[in-house]
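The chains carry the letters A, B, C and D, assigned in the order they are written, with residues numbered from 1 in each.
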Amino acid sequence: MQLETAIILDHRDYGAGYRLLRLAAPQIAPQVRPGQFVHLRIPRLEASVLRRPFSIFKAENGELALLYKAIGRGTTALSAATVGEPLSLLGPLGNGFPLDLPAGRVPVLVAGGYGMAALYLLARRLAAPGLVFVGGRSAQDILCVEEFEALGWKVYVATEDGSRGVRGLVTGPLDAWLAEGCAGRTPEFFVCGPNGLLEVIGQRAMARDWRAWLSVDRHMGCGVGACLTCVVKLQDTDGTWLWARACKDGPVFESRQIHWDRIEEEA
Amino acid sequence: MSAPDLSITLAGIRMKNPVMVASGTFGYGPEYADLVDLSQLGAMVVKGISSEPWRGNQTPRTVEVASGLINAIGLQNPGAEGFLKTYLPFLRRFDVPVIVNIWGRTVEEYAAVAARLSAAEGIAALELNVSCPNIKEGSKSFGSNADMFQRVIAATRAVTKLPLIPKLAPDVFRIAEFARLAEATGADALAITNSVPAMAIDIETRRPKLANVTGGLSGPAIRPIAVRLVWEAAKAVKIPIIGMGGIYTAGDAAEFFIAGASAVAVGTANFMEPATPLNVAAGLRDYLARHQLGSIRELVGTLAC
Amino acid sequence: MSAPDLSITLAGIRMKNPVMVASGTFGYGPEYADLVDLSQLGAMVVKGISSEPWRGNQTPRTVEVASGLINAIGLQNPGAEGFLKTYLPFLRRFDVPVIVNIWGRTVEEYAAVAARLSAAEGIAALELNVSCPNIKEGSKSFGSNADMFQRVIAATRAVTKLPLIPKLAPDVFRIAEFARLAEATGADALAITNSVPAMAIDIETRRPKLANVTGGLSGPAIRPIAVRLVWEAAKAVKIPIIGMGGIYTAGDAAEFFIAGASAVAVGTANFMEPATPLNVAAGLRDYLARHQLGSIRELVGTLAC
Amino acid sequence: MQLETAIILDHRDYGAGYRLLRLAAPQIAPQVRPGQFVHLRIPRLEASVLRRPFSIFKAENGELALLYKAIGRGTTALSAATVGEPLSLLGPLGNGFPLDLPAGRVPVLVAGGYGMAALYLLARRLAAPGLVFVGGRSAQDILCVEEFEALGWKVYVATEDGSRGVRGLVTGPLDAWLAEGCAGRTPEFFVCGPNGLLEVIGQRAMARDWRAWLSVDRHMGCGVGACLTCVVKLQDTDGTWLWARACKDGPVFESRQIHWDRIEEEA
């Protein structure tokens, strides 16, 4: 973890309403593991006191790429950052996904929204390709399908309006695949998306004693474990729960770790 | 001229410089240690500790507002034992005074945590967070009821020889009165100010943006309020004041010194720039040099009005 | 669905919409009349009037700070006669309720200005600014001393039939208590909040940035504090509350309604955008339509928590 | 007075550390009288609650030109505004300079800092040219000399370091000209600059019963007379003083109107 002043190399629309931000970050980039994130100081956001967290889409050759959507004040202001501009980064933060799958497991990635960006780096770093299930409201919300296919991954798309892939939720094609017996292999899930999605996949995994690695999206303050903003309830050994910090102890947790009665969505 | 002297002795604690971190914004030490050399802080003030572990509030716990942050962490902490076991040994590796912020829900709880921490080695002082409501006597807060305020200070004073630093609540409008009470009851210094009671509402769901409904406003938004509180308290008492509230730059800190603070603490600013305390200290040195002041002590309380 | 109804009746005053202007931020009427149709305001609240003309403070009188403004105008005004002669006739040309903000340095002065204004035609209500220090009884402020607070309301109540709207000082930490006192003493509504005591220092000259040393902080910086005050007061009383503090948008205003305000006032925002009150009213109409509420009254106090 | 969303036509360095901002403001521009000002909303100054006042340097053909120096947060942020960007203006504000000089009077303009910009429009609109005295710390602070000369005005420059014109204060050449008898004419002063300069010229004028029109620079809040931030002490008829609002009742006052014991500089 360190502070680095990165320089914007490229900044452009990426489709699906997302923007691609490419940064020269020679110190942070080589350290990044899939599932980690950076905490970014948005330039010219004078009245803001917090950084904003973003997953790392790509990290190679001293460069980082982020994919983000302008949904609020910070991300809208970020859209106006220009090539050559310096950006203060804090990272890499958090614990990423495990990369060493037990033998015979097939990695199954499930994503919504920017989740595809967060999981892409994992796909690149895993030893062998697996499957990706991605959902969204309509075709315009579906990100990175071609990128995963180029890596040799099989991608299943579901959209609520049916404008791409099958109509319905991402659990549709996933459940179909599960019902077909997972092509005879044991899935290991990696999920990034809305907390509702994490819960749905976590439940499916726990029901069959599979593992599901869930990347939790919490509002963040410090990003380093100091402020206790981003806490998530984990199971305690005594049957009750205890807090873990998504930024420091996560954002990736295995579904059995989580105390499911209260991982509410933060608006 | 030699470099201006930033060192101070506050409540008997020697500090290399007068820039501390504010409780709850720098964790217990390890969180920022990769980024900031803790030995370069004036003092490390840890997040509030109670006698027993405490889970704090549900989430959401913080919300960003104009030039500020509202937090309602709810004082989550590992308890005195947890702190002594997990964090104090780590902190003692650094050459920095450790100030432990403490709180309780009754007078007895304050005394209990103070007594337990006093038994340990390596704690420089106790900062008393009096902004929590007393669970025994309704929801009256210790920090805004003169009688309870005094009882809490007296009870902790009775069980510890460590310097005591009551941290005043900003909803005390008679700040001078409370400052005098604290001084009379044996406080060695005052910390001013805690965050300001506030709330924010999500207009789409019509629910509070914090699980706890209300929280404390911190950051640049409260700086002018905090400077005023420090100024009023400094006129009323002789014990030193640690000023805080929205300090981001050496200039911000200088306002507090000029108003009468002997030291300052950086809080919310750490979230944006963890090196803020170090930058503020360096900037103060430049400021003193530019103003031909030999020591930070020469700046304290120099407001001309 | 027909357009949502913005009209309200507050303290017996019928208003086309619930968005007023805050005293001291819209002058006496003529200043913004070229830019804003005064008839479209919920109510026009004029700058504080005392029985005699008053010069107020020396300059500098305002200073910009993070997301806010500190002002120490010092209540400069032409006095009751001056207002009635110069400004009231102008204001009466518009179809808008005129609320006169009044103040005094003694209980007698409050009563005197209230009596004088009540004798005139065309004033809809009196707003009592109680944030000024009482010159007779030391510097205790009317707004933070329960006894004097009540005496001021009682004394004005005795001399006027106009609706009375005490405007609470934000340094009253027991806001619920003061709200109840006001209600019990005959107040028809409450205005919450006035600006928050604050100060800023010029670190180069080491002098206060305001001639008066301290002033009142207003603007977005105080909005979360103001929303919390309104919420606490609304739980304590039945009389309607006019919420204010950093309102710039319809969304900001909606927070106050949801917290329990029956009307709102726009203050500091007028300096940046004089049409803010009109924009806020229009935005509230859209908001109500989007939330399928037929009237602004249905939004009041709907916080779910 | 009105609100207008102007469009930036041009924005460039102008020398002497100043920036020239040219705006399309078809509604406000035709109304402008010399000595008036506009109150400008600085874009992207999120944590600011006040507009900033600027004198009008030029107003013609539906265009306004302003000359300003980046001295603080607002003016620095303004420097980054780009051509084509909209700017919210409130104006024209205040009472300008009188344009109808009594017969036989010669207009004598005295300026410091941005004062030259404010007086230039006056020079353009006066019936006949006169003299300009301008002072500054060094050559880099002296603005618009050529512009005045192009209008046929005689310009006297004084700089404290002697790097342009005569060394010393602007009162040097002015006093010399006064001592020579003002070329036999009665001067009518128009002054814009630091308040110290206003006072010095005001005193000289009052001593000889000449008129001096002084444009006062006060910190401003509303700009329209509502907030009572910008007040200046004027002589009252009873020998005491009363407040006037620089924004609404000024910024131009005749020196006899001013109650001189307290027109302090605002830092």
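FYI, a residue touches a chain if its C-beta (ideal position, glycine included) is under 8 Å from a C-beta of that chain, and two chains touch if they have at least 3 such contacts.
All of these numbers come straight from a predicted model, not from anything done at the bench.
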* More C-beta contacts across A-C or across A-B? -> A-B
* Structure fact -> In terms of CA centroids, furthest away from chain D sits chain A
* Asked: Taking each chain's centre as the mean position of its Cα atoms, how many Å separate chain A from chain D?
  -> 57
* Chain centre separation in whole Å, for chain C relative to chain B (CA means) -> 34
* To do: Please report how many Å separate the Cα centroid of chain A from that of chain C, as a whole number.
  => 48
* Structure fact -> Between chain A and chain B, the Cα-mean centres are separated in Å by 36
* Asked: Multi-chain contacts in chain D: which residues touch at least two other chains?
  -> 46-47
* **Shared-contact residues (touching 2 or more other chains) in chain B** => 66-68, 205, 220
* Chain adjacency by touch: line, ring, star, complete or other shape? -> complete
* Given the complex with chain C, which residues does chain B contribute to the contact? -> 65-68, 70, 144, 171-174, 196-201, 203, 205-208, 213-214, 217, 220-225, 227-228, 231, 246, 251, 254-255, 258-259, 287, 302-305
* **chain B to chain D touching residues, read off their complex** => 66-67, 220
* Asked: Residues of chain A touching chain D in their complex?
  -> 44-47
* For chain A, which residues count as touching chain B in their complex? -> 1-3, 41, 46-51, 88, 90, 218-219, 221-229, 231, 242-243, 248, 262, 264, 266-267
* How about chain B: which of its residues touch chain A in the complex? -> 24-27, 30-32, 34-35, 47, 55-56, 58-64, 66-69, 71, 73, 76, 202, 204-205, 219-220, 268-275
